[in-house]
Structures are given as C-alpha cells and as structure tokens.
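Input: one structure, supplied below.
The letters A, B, C and D name the chains in turn, as written, and every chain counts its residues from 1.
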Amino acid sequence: MAHQTLSIEQTRDMMIAVAKKIIESEPILTDADRALGDGDHGVGMERGMTAVVEALDGADFPTVGKVMMAVGKAMMSTMGGASGALFGTFFRAGGKALGDAEALDGEGVAAFFPAASDALMERGGAKPGDKTMVDATAPAAEAASSVSGLSVADALKAVAEAAEAGKEASKDLVATMGRAKTLGEKSVGKPDAGAVSVAIITATMAEFAAS
Amino acid sequence: MAHQTLSIEQTRDMMIAVAKKIIESEPILTDADRALGDGDHGVGMERGMTAVVEALDGADFPTVGKVMMAVGKAMMSTMGGASGALFGTFFRAGGKALGDAEALDGEGVAAFFPAASDALMERGGAKPGDKTMVDATAPAAEAASSVSGLSVADALKAVAEAAEAGKEASKDLVATMGRAKTLGEKSVGKPDAGAVSVAIITATMAEFAAS
Amino acid sequence: MKKLINDPLKVADELVEGLVEAYNGDCKHVGARSIVKTDIPDGKVALLIGGGSGHEPIYHGLVGKNLADGAACGDIFAAPPPNIVLEATEAVDRGKGVLFLYGNYAGDVMNFDLGAELADDEDIDVRTVLIWDDVCSAAPDMKKNRRGIAGLVPIVKLVGAASQSAASLDELEAFATKASLQTRSVGVSMSPGSIPATGKPTFEIDDDVIGLGMGIHGEPGVGEIPMKPADELTPEMLDLIFEDFAKDEEVEALAEGDEVIVLVNSLGATTMMELLIVLRKVKELLTARGIKVYDVMVGPFVTCQEMAGISVSLTRLDDELKAAWDLPCQSVCYSKMEGRNGG
Amino acid sequence: MKKLINDPLKVADELVEGLVEAYNGDCKHVGARSIVKTDIPDGKVALLIGGGSGHEPIYHGLVGKNLADGAACGDIFAAPPPNIVLEATEAVDRGKGVLFLYGNYAGDVMNFDLGAELADDEDIDVRTVLIWDDVCSAAPDMKKNRRGIAGLVPIVKLVGAASQSAASLDELEAFATKASLQTRSVGVSMSPGSIPATGKPTFEIDDDVIGLGMGIHGEPGVGEIPMKPADELTPEMLDLIFEDFAKDEEVEALAEGDEVIVLVNSLGATTMMELLIVLRKVKELLTARGIKVYDVMVGPFVTCQEMAGISVSLTRLDDELKAAWDLPCQSVCYSKMEGRNGG
C-alpha cells in the first residue's frame, strides 16, 4: 500500500533502491552520453551510486535531510567531472531544505526538489532549454511546488511524471553545455544523459513510495 | 681508341662521368639498400656524386691524386652516414697513394685500389665475406696488384671485371654489418648495395679509359 | 595504441604514485589523490593547482621548488572531486590562505568551487584565478568562457615564483590575474590521443585537415583547415594571438619593444623536431614586429595522451613578471636555472 | 602521421635553426650544421657531442650551461659528416683539447673518427669516449659493440658538469669513461616512428608484442615478447640491468647502499603517464634491493619521432659523480636547479 510518509529508515532504503536501479541502468546512461557527450556518464553514475550504497547501507541518520546529504556527499566525492559536482549539489541542497524533519512527506518533497534544482542551476549555470539534467529537474521542481498537501507517494508520483516528461522533451532540444564535442543540431532527437538519470532517480523514488 | 694513360683533365672528366652514372643509377641503388638495408643508399650516393660534379667541373688540379682526393672530400662531406665516411676514405686514401703523378697509368691503378680498399677495411672494420662494399673493393684491389705493366684502359678493365665478379658473388653472402635491421639468411640472393656502387664506379672508369 | 599500464581503472592513482617517486622525497601523497610539497614554510601564501589526469606532465607535474605547493588530481580527463580539493587545500594551507589556479573547464570550476566551500567551512581563506588562454574558444568579450590550455605552464611558473615572497593572498591573486591576462594561446590538432581505459580515440579528424583552435579533448575551435607546411600554419596561429591582444580592451596590443615568453607546446606525439621548426618561424615573425623574446619554452608540457598537435603561447612580461621568471624552479614538468636563456 | 614541417629534405637544417632560437642567444649556428655555445671560456677543456637528427631533444639539445659546449648534427638518422665534426671541433676548442662523447653507431664512429683526423691536421687535441649503454645489444664481454641509447643523457649531464672544472683532457676523458662504464640501459619498443621524408615507418612490429631490447631505429635486441602490464614488464627490464652489472667484470654488481640516477625515457609517443607508472615499479624494485635513488629523470629525452616505447637507465654514482650531478644545468633537453630532488 502507498505510503503517507517515509521514515528515516524508509527514506534511506528508498535511496539505496535508487542507487541500485541506476547501477543496473549503466548501459542506458552510457549510450545516452556516448550519443551526445563523451560517454562516461554511465560509468560515473555507477561509481557514484556504488558509493551511495556503501554510505547508506546499515547506517543510521538523525534526519531524512541527512540521508539526502549523505547521498550527495557520496556522489560528489567519487564521481568527479561535472555531474559529480552537480548531483552532489542537488542532493546536498535538497537535503538541507528538509531541515530537521524526521520523516519525508508531501511537504518535504515540495521543499526538496525546488531547492535542489535551484542549487543545481546555480552551480552549473545551465537554464531550462540548454539540454541538460536541468530540463528534468526544473519541471520536477515546478511540479513539487504544488504537492505539499499530498501523501509522499502521490507527491513523488507527480514529481516523477514531470521529470519523465522533461526528459522526453529534452529530445527536441539542441545541446549546448558541458560536453567535449558540442553537437549542436546533431543532438536533436536524443535525450540528455543527465536528464535520463534524473528521470530514473525520481521514478524509482515514486515506485518505492507507492509500494 | 683505348688510352695508354689519362691526363689530369681526362682523369677529372672520367670521375665526372662516374658521378653522372651513379646519379643516373639512384633507383637501382635505392632498391638494393631497401632490400637489405634502410633504403637510403641511392639518395646518399646521388647527393654525394652531385657534390663531386660540382667540385670537379671546370676545376684544375695539380695531380691525378688530388682529383681522387677531391672526389673523396666531396662524398665525405655531403653523404653522411656510414657510406659517406667509407667512400670518402676510399678515394682519399687511393688518391694519396698516387703521390704526385700527373697522369694515371697502369702503375697508378695498381697503387690506387689496394690503398683505397685497405683504408676502407681499416675504417669500417669489415672483412671480405661480410657482405659489404669490401666484397667488391677487395677483389678489385687484388686484380689491381698485377696490372702495373698494362695501359690504364686494360688495367681498369681488369679491376672492373673483378669488382663486378665480387658484387655478383656478394649475392650468396649473409649480411652482417652496418644495417638498421640485420637480415641474416634473408639477405642471401641479393647483392650488397655498396658493392653495386663500387661495380658501377669501376665499370664507368673502365669504359671511359677504353673510349 | 599500446599502453604500458596495469589496471586501466587505476591509471590515475598509479601515475600519481609514480609522480611522488619522481620527486624523490620533495613531495608527498596526500588524501585520495593529491600531491603536496613536503617543505612548505609557515606563513607562506599557498598555491594550489589541479585538474584531470592524462595530460601529463601537467597539472600535477607543476608542483615543485618555486612552483605550486600542491595539486588536486582528478581521474583521467575528469576534474578532481571536491573532497580531494579540500584535502589538498588543507595540506598546503599555512594560515595565509590558498590561491586556486587552474584551467577554465566547467567540471573543474564546479568541483573546485565546491572544494572552496568545504574549505571555507574549515575557515581556510581561498581565492580562485582561472586560466583561459585559448583565444579560439570564445570571442574577446566572452573571454571568461575560454578554455585553459598550454598558457597554464608559464602562468604557474610565474605565480609559483611570486608565491615565494607574496605578502598576502590579495597580492598573489592580483599577480596571478595579471599573468593570466597577459597570456594568450592558439592550438591546432592533427590526430587524437586514445582514452587509456577504452583505447578509443578522443575525437575524429580527417588525414588532410588540421583542427584550428580545437581543444585538447577535441572541443570545437575555429574549424578545420587544410593540412599545410609549418611556415604557412605558424603565421595564421600567431595572427590570431596578435589580433586577440589588439581586440581585447583589457590589454594593450602587442607592440614593438614588448618582451614575451614564447611557449611552443606539443600535445603528445608531435615531435620536438616539429616544435623547433615552428619556433624558428615564430621567432622570425616576432622579430619582424619588433617584439623581443625574453625566454623560450619548447616541448610537451600540456598533452592529451599521444595526440598530435601543437599550441603556441605568448606571455607579455613587465618588470615584476620578469623578476618572477628569473627565479629558478624544479619540477617534473618544467625546471630552469636562475635567470633565462640569452640573459 | 601528419608532420608540421616544410621541405622534407630540409628538416634537419630547419630544426637546428629553431634550436638556436630556443637558446635565445646562448648558442649560435656554426658551419654547415653545428650548434655551439657563445660563451666558452678560454682554457676550458671542450666537450663535443653529436649524432643524427630526428631524435630530439637529443643530441644537440644537450648543448648548454654546464652541459656540452657544442654538437655536430647529422641529417635525419644519419651521422654528421666529418667536415661538420671539424667545424664544430674548431668552434669549441679553447686550446685545451676537445672530448668527443657520442653514441656507439658505426656511421657515427666512422665520421667522428674522420673528423678527429681532420682536427689533428689542425693540431687540435681530440679524445673520444663512446656511449654503449644498451645492454641488450651485445654480451658483456662484447660491450664495446653495444649501441648508445638513453643513458647518453645522464652521462652528458655528468661530463658536462665535470668539464667546467676539468684541468686537462686526460682528466675529463677519465671521468667520462667512468660515467659511461657505470651507466646501463634496457629499452623496449611497442610501435615505430615514421621517417619525415617518406612518412614510412622505421620498422614493423605486431600489435600484441613488445620488442625487448630493440634499438631506437628498430635494430634487433633480445627478441619479441608478448605485450604485458607495466608491473610485469618493468621487473624483466631491471633484471637485465642488474644481471649486466653482475656479469661484467669491469664493474661491481649493484649492491645494497649503492646510489643511482634513475632515468625512465619515452621514445616519443609513450606518455608521461606511462613513464610514471613504470617509475613507480622501478622505485619499488630498487628499494627492495636496498639501492638508493639519488635523483630521477623522467620524460622524452631520446626519441625516434613518434615511436612508442620506453627505456630504463641506471647510473651508479660515487662521490665525484654526485658532485657533478648536483651542479645546475640548462638546455632544451634537460635543465635542473642546484642540488637534486630529495636532496
């Protein structure tokens, strides 16, 4: 049955599930970055999420925010490259926004994603439309702003759907940032690798909360 | 009609004819060295003999020996590599052996080739049978030792025939010296590039003296 | 391309271990993947550099006597993570603050900035000066978007020297800003290097063309031009540098009597033979404009594996920069005696 | 392989012109193709090096402060002709005689010997010390037949330093003989360079093998072995060096407490990354035997165009050699500050 809220332990287990899902999705992410970027996104995310599992597995946290900050710290310190800093910033900023809450609810979701996405844009300088992970995080943040009244399950469902739609929409965009080779028009038709990661992350969070 | 002796000018013109013949033979020499060595013998000889023509053309010399020494100096200073030093040594030593003679006769031929070949062996450390130009110069020197009584035409004819025979015989030898890649058995069947040069040089000298 | 390595995923860690051995005791390994001098005096304003591995002898090869105090090393072609930047920062800090000096790449900026935030939590004063010498990577009015290439080497040489006697972080930051502003480079690519872990080429380029202004990872530049003789290509490269000094409002145009450091850099497989043939032409062109060569650097300093290509960099010197240049230095990337060639 | 050159037949001349510019006034062009220092003091025992071009930064890149006084440069891969050797000899001689120090190749020996004869005609006192450090090119009892490879660099560094204060040609000859005797190298080849004039490879080798002991022009060595990780190849290379010191009656075996200069050299396209990974293992193996590393040299010093391969050289030092090593030096090939890394 769908969760109303998630405890600290449940939040931790949700993020472990997210990490395992990303590790399992490495080939998809590699292909996406090979098509538009330098092809190392899958390996980088796998490295980062493996560290996340190590950091969370069996660990205790005082708040749900600290769980998210631990995710960010693990990714930030093991991935390197642009995306390590970006995902690290995303989860650390989102986690900080959760304050000292000891459970994750609709309000938490509404606080997490806007803070996380804004910090990411601040760090990377990309705006929606630049064909980056921002094209998945910005719609997710937008959707999150109106879920504070919902259960964590419904809130994450709305966020995940928005991220998925944003990822799909990124196919039609022209790549401009953070890549070895800027492909310009050639990049149209394929989704941005980081956006794919964001869609998988939010979808897995929603699934967990729904189960 | 065949010459009894060659004047200083005739000796000079003979060596110019030799130089032009070698320049014209560049492809043959290149192939020979490519088969067994590093393939630069033809170009090197062409460079050296072009300098020889420049040094001799229209120049006056006090003795026939100085003509030969000028040939050696021109080759030595422009060819580089092993063969530049070797041919330089060959002609300079042979020229010195001609003393202050003002014409080239059978006695001169008998003095020139043994001195030239010995100095070459001394310089390069190769002995007959090592599949080097020595396998043409040593037989030539051998033949020269018994021509002091003959006309310069007949003397050079005997020397050229010996050099040619030596070059041919070098086909059956195994290469051992002065090469980037030592081919050992693989070298059997092909003549040594330097020996080919020596055969062409002596044959052209003989032709000139006979005409 | 055959490479003498062990585990392809451990290349960056093992090369840093080797680098420490190259310093034979003058530097030590710190934290996850940083290299730091063993004898940084108390009260020294510290200089930290860094970036992705795989471009040796930079970046970490510029740690040394009268050069950088430490380097934060990333994985192959990847920026060092913030925690590595923090570890290096803590190791070089002597209470006078730390200057971050590195090439302007998105990944590096994000990670060094995060590292600076973490250092700030530890009350370490950090300033950042970026190197963006590649004139082909953005227009003069957008020069803060430019990539950092081989100009990094003379800049770090100069700032390293200045850091030995800098009274404050402010002073060193100002010096570094000037050295960076006066350094401009143009690069060309002829063939790619290969990624150690995969053996795959870092980019594709046709046999009959040169990538003018192409970045060291294959980033786009001015565009592809036909392959041509060194004496035809060199003037095109220098003109781009002269033009940039002239167009940029922040600096004077290069003029008669100016004195410069000339760097002709190989990206890897391009030979010293070629660099010298290019240098010959560079000297001729500078002389024609009455620009004096104060000193010359020539060799493979900023590479991308066995990539073929070169870059030419000019650093204009004033008296302060000259004095810094004259200091001797010692490192795996660049060493010199007191003074200068021709001095 | 794309090369940035002009007339393929003028490559050697143009690179020497560029080399003179790299020295920025400290060296001048002499005669047909020699490079000579501008400030050789009267009464100095002169040091002359040289050899074929195309192996930059050696040989001519080792002319410099506290290094060689001059170099006679040949065409690409060809020995310098005797007249060039003579021109260089006359230019460096200051009345105390000239030491010829070069690698043991038939063409070079013949041409330098002829040059020495010409110099003798000019009453210049010449001695010759040959470098034959390549242990794979002949057995210990035939070591005078060995080729000279990267060991040339530490040897010239040491002899150049000694030449600054040598009282006589005899003294310098004896010093050079000792430095040469105490230096041994082993090289491996992975892929060929290309001949500038033709673009043709200098030799052929399969993708899955390494040429153990193969010469820098592709000369035969120990033979081909399977391609293997750096940590497996490095011990094989070092064992050949240890074995050679042990077998050769003229020198002591390398023993605990001995101090050595370690040189890990790239033949061109092999990256500094790989050299450092190899150096890491070399240090480990030396430490295991109690052999002390006095200083380290790592980089592309002796190359053959874009050839892939490395060599490892060890020079055993005594107090006299150490004192010579500690002198600073400055050149296109190798520069250092006073002292040593880790000193």
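Just so we're on the same page, a residue touches a chain if its C-beta (ideal position, glycine included) is under 8 Å from a C-beta of that chain, and two chains touch if they have at least 3 such contacts.
Not measured: the values here are computed from a predicted model.
Peer 1: How short can a path of touching chains from subunit B to subunit C be, counted in steps?
Peer 2: Shortest path length, in steps: 2.
Peer 1: Quick one: which chain's Cα centre is the longest way from subunit D's?
Peer 2: Relative to subunit D, the chain with the farthest C-alpha centre is A.
Peer 1: Take the average of all CA coordinates in subunit A, do the same for subunit C, and state the distance between these two points in whole angstrom.
Peer 2: Distance between chain centres: 34 Å.
Peer 1: Roughly how many whole angstrom separate the Cα centroids of subunit A and subunit D?
Peer 2: Using C-alpha averages as centres, the distance is 56 Å.
Peer 1: How many angstrom lie between the centres of subunit C and subunit D, each centre taken as the mean Cα position?
Peer 2: 28
Peer 1: So which stretches of subunit C touch two or more other chains?
Peer 2: None at all.
Peer 1: Would you please write down the residue numbers of subunit B that are in contact with two or more other chains?
Peer 2: In subunit B, no residue touches two or more other chains.
Peer 1: What pattern do the touching chains form: line, ring, star, complete or other?
Peer 2: line
Peer 1: Once the touch criterion is applied, which pairs of chains come out as touching?
Peer 2: Every pair of chains in contact is listed here: A-C, B-D, C-D.
Peer 1: What residues of subunit B sit close enough to touch subunit D in their complex?
Peer 2: Subunit B reaches subunit D through residues 38, 40, 44, 73, 76-82, 84-86, 88-89, 123-124, 177-178, 180-182.
Peer 1: Spell out the part of subunit D that touches subunit B in their complex, as residue ranges.
Peer 2: By the definition above, subunit D touches subunit B via 32, 74-75, 77-84, 106-107, 110-111, 113-114, 202-203, 215, 217-220.
Peer 1: Per the contact definition, I'd like the list of subunit D residues that touch subunit C in the complex.
Peer 2: Within the complex, subunit D contacts subunit C at residues 1-6, 11, 14-19, 21-26, 53-54, 56-57, 61, 65, 190-191, 196, 207, 210, 227, 229-231, 233, 268-280, 282-283, 293, 295-296, 298-300, 303, 305-306, 308, 310, 328-330, 332, 335-338, 340-342.
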